[in-house]
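Each chain carries a letter (A, B and C) given by its place in the written order, and its residues are counted from 1.
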């Protein structure tokens, strides 16, 4: 029956797709049996009892036994299906604790994904195979709906609310997510690509943060990191003193350090300040900066260096 | 196969009265001010048919836009996403509010329900006319909204999209609001009529099943529509004055709107389907020449469907952010709907068993109904099963499912009813041959159009999509071709009926050998329906008392 | 005649059912919003004038009583008395509207208005930060007054309709059209009036006595 399943349903991309498809196929066969029964009886009666002039018909008003049977049997069937349906539903009602959490923001008409480490992507999401993933979703404008047919998951994305979805992707390759709640002009173009990758490939992608950085000049990329990674909280761009030295005109300067030494602000020093900020603290500032070791990728560090360099 | 009289029918042997409700008074003014339920029924029939035409044109445009993924016609792009969104919204709004809700109750039932009870008119004839004019008023608002920029919210008016988008949403919401009152008036009238105007000797269980169905429908109209009215008012206020109830930007809750909306609109689905079932309960015994099987079970199932309809609205929102508990409860309640629906189907089949079945056009529609309703009903099981619903909801599977129920069942039953009572309403017989051909085309075209959509939906094609993946192209094209076959069938049916007005043979009083009271009047009936107050002599559908005269 | 009176009475009851459901929708909406903004609703309701609300409750209860007396008088062929009681009922309705006018104008002055018109200096404690980064009162206050004006406004419209109907039957009663054999219109308007009163009986604690 695999041919029928694959004709009627999309490929199975998640751990519970098989289970849901099994229920689907069961109901399908049940329906086919009932349908053939009903329409078969209809056609048979139409042929067998076709009109003959003057033939009298029996006066059968009811048959209590029969009527009880055909009320109770479907009821039992429905009760069975109900529990089966709940069973399947409840399995993916609550995400397991070790699931990777991805924040999803929907707006007209794109999907934005944010990973635990702050990496952001638009209209594409990369997932490691066989590891549960938990999407926490909200909308910035109207209702949307995150639907990945291959994963058999779907949930409305609502402004001012968080809705959740989780699944364990199993099938490697590219899958499509679509918006399933009408949201206007771009509704039917609001797709995101869901890449399910091997652990190695996924980690490689994570290490480079995707290819978004290649679309920008290093200076632009650095500015994006400055805004997204929280540098702006302590380092101003206009010379104003904050918790940390301003970046304006800092490049190439000789900075006086705590303890009296001086240091040239060059690539080596800037890089060191990001990864080991306590090593050389500029005079007049508290040693409060956290380390960004592991939080900044190589391309991001290079971008930040280029950005600082550009601030004359 | 051209005959004017069903074999076995009772020929009206009295002379045709000179004056009937059509020629008692003349002139357009006499129609516009009439309080005769028959004339109001006819005016409603004209009105809802026009609405069906408009909604149908939008449907064809929707299908045409989806013919290919490039949206080209003769090599040129002819439609944009904005236009497409207006097409399907207007198709939905017109079909739901202007056509299908008033279709059977306000036109056919308005005409035959008082006659089935042996009454001269409905309980409140003036209210009946007021209801018609409210419908006209709603239609004017709706058409104005279409002309002034259209509406692109979908017929469901989901917030916050509907409170923020451009277009004539306000006018369209006003239209739906007014139409709601038209519907309430009709329902109120029927309930009072059934309670108070039954013929002498007619108890509750002597009423034709059509009356039971319409009574159940009227209950829903009365109980559900006010909630729609207030919801639409809130929506309008939200849109204009930002009152902060549905729009999250002002502290509102968009899911609350869905609860309100479906609290009406799910029962509304039964306002649509129960009258359709009610017609089938008339057609099958008449053309099987056999008493209905399980009269009380069918009557009770209509009422229980009406009551169940109020407690299952949440199944429209399984993925919309309801709590898991609510989902489970609504799933369980939804399964219950299967029982009364199944009971009806089994009773109709048992009625045919050992009958004496002939195939006039109304019966062909009834047989089509059984086929299509079986599909529509069984595919409902997929949606009540929670786990499967998650995958299928908001896809073409749901589009196909509700079209099988709404169009394949209700509208097909409506057509059957029109053909069944046409001789009574107009005093003319239509061509059986063309009636049968039209029915066959509609049946085939319908299954082509919507049967194919089950496959797309299961494959993950979301609804309300303008652009689609190339892999769906062949099925979309097939569905569009189906819509053309369907359209040809519908036009053929309309032409056949209209032509009969001019050239049709004169109809006898009881062309099909029906056993219910409306057939005791002349065709067309006199102004007060009956020359003498009819008295109930036997139960409905009792064929033991029929003298079978074959002409 | 008997038959017709029964029929119209069924019609009236059905109409009242639709009225109850219409208000029921608003009550449900109010309840849900109250559970969303409990603190705001309690604070907002302090701005309503409880004594005036209580006064109006008494006024409507009195009008219900005079309405009952009017129906009774019509049934016992006392046209004069019917008219007198109807006029008293109408007077109560006007008193109600008068009080409501004072309440409304007070709200208007304070800027306690529905939805986007809400602009008050009143010190509300629950604050949120809006999109522009300003600290403003929570939406809950405006929502409370949206519901307050919608529900009391809709009720007020019903009072106005009631005044119209009462005047109409008072004129007919004055012409001596009603008797123990035919007083259906008085009866039906009475039913309507009782419903309008009843809705207020629910509105009063809902808005004025939140705890």
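As a convention for this text, contacts are C-beta pairs under 8 Å (C-beta built on N, C-alpha and C of every residue); 3 or more make two chains touch, one makes a residue touch a chain.
Values in this document were obtained by computation on a predicted structure and should not be read as measured data.
**Q** Can the chain contact pattern be summarised as a line, a ring, a star, a complete graph, or none of these (other)?
**A** Shape of the chain contacts: a line, open at both ends.
**Q** When the contacting C-beta pairs are counted for A-B and for B-C, which pair yields the higher total?
**A** A-B
**Q** What whole-number Å value describes the gap between the mean CA coordinates of chain A and chain C?
**A** For chain A versus chain C, the centre distance works out to 50 Å.
**Q** Just the number, please: Cα centre separation of chain A and chain B in whole Å.
**A** Between these chains, centre-to-centre, one finds 41 Å.
**Q** For chain B and chain C, let me know how many angstrom lie between their CA-based centres, rounded off.
**A** 37
**Q** Taking the complex as given, what residues does chain C use to touch chain B?
**A** Counting only chain C, the residues touching chain B are 3, 6-8, 10-11, 14-15, 17-19, 21-26, 28-29, 32-33, 36-37, 114-117, 138-140, 142-143, 146-147, 150.
**Q** In the complex, go through chain B and note every residue touching chain C.
**A** 123-124, 127, 184, 187-189, 191-192, 195-197, 222-223, 225-227, 229-231, 233-234, 237-238, 241-245, 250-253, 256, 260
**Q** Which bits of chain B are touching chain A when the two form their complex?
**A** 7-8, 81-82, 85, 152, 154, 158, 160-161, 164-165, 248-249, 254-255, 288-291, 293-297, 319-321, 324, 327-328, 331-332, 335-336, 338-339, 342-343, 345-347, 349-350, 352-359, 367, 370-371, 374-375, 378-379, 381-382, 384-391, 393-395, 454-455, 458-460, 462-469, 542-544, 548, 550
**Q** For chain A, which residues count as touching chain B in their complex?
**A** It is residues 7-10, 19-20, 23-24, 27, 30-31, 34-35, 38-39, 41-42, 45-46, 49-63, 66-67, 70-71, 74-75, 78-79, 81-82, 84-90, 93, 141-143, 145, 147, 149-150, 152-156, 158-161, 163, 176, 178-189 of chain A that touch chain B.
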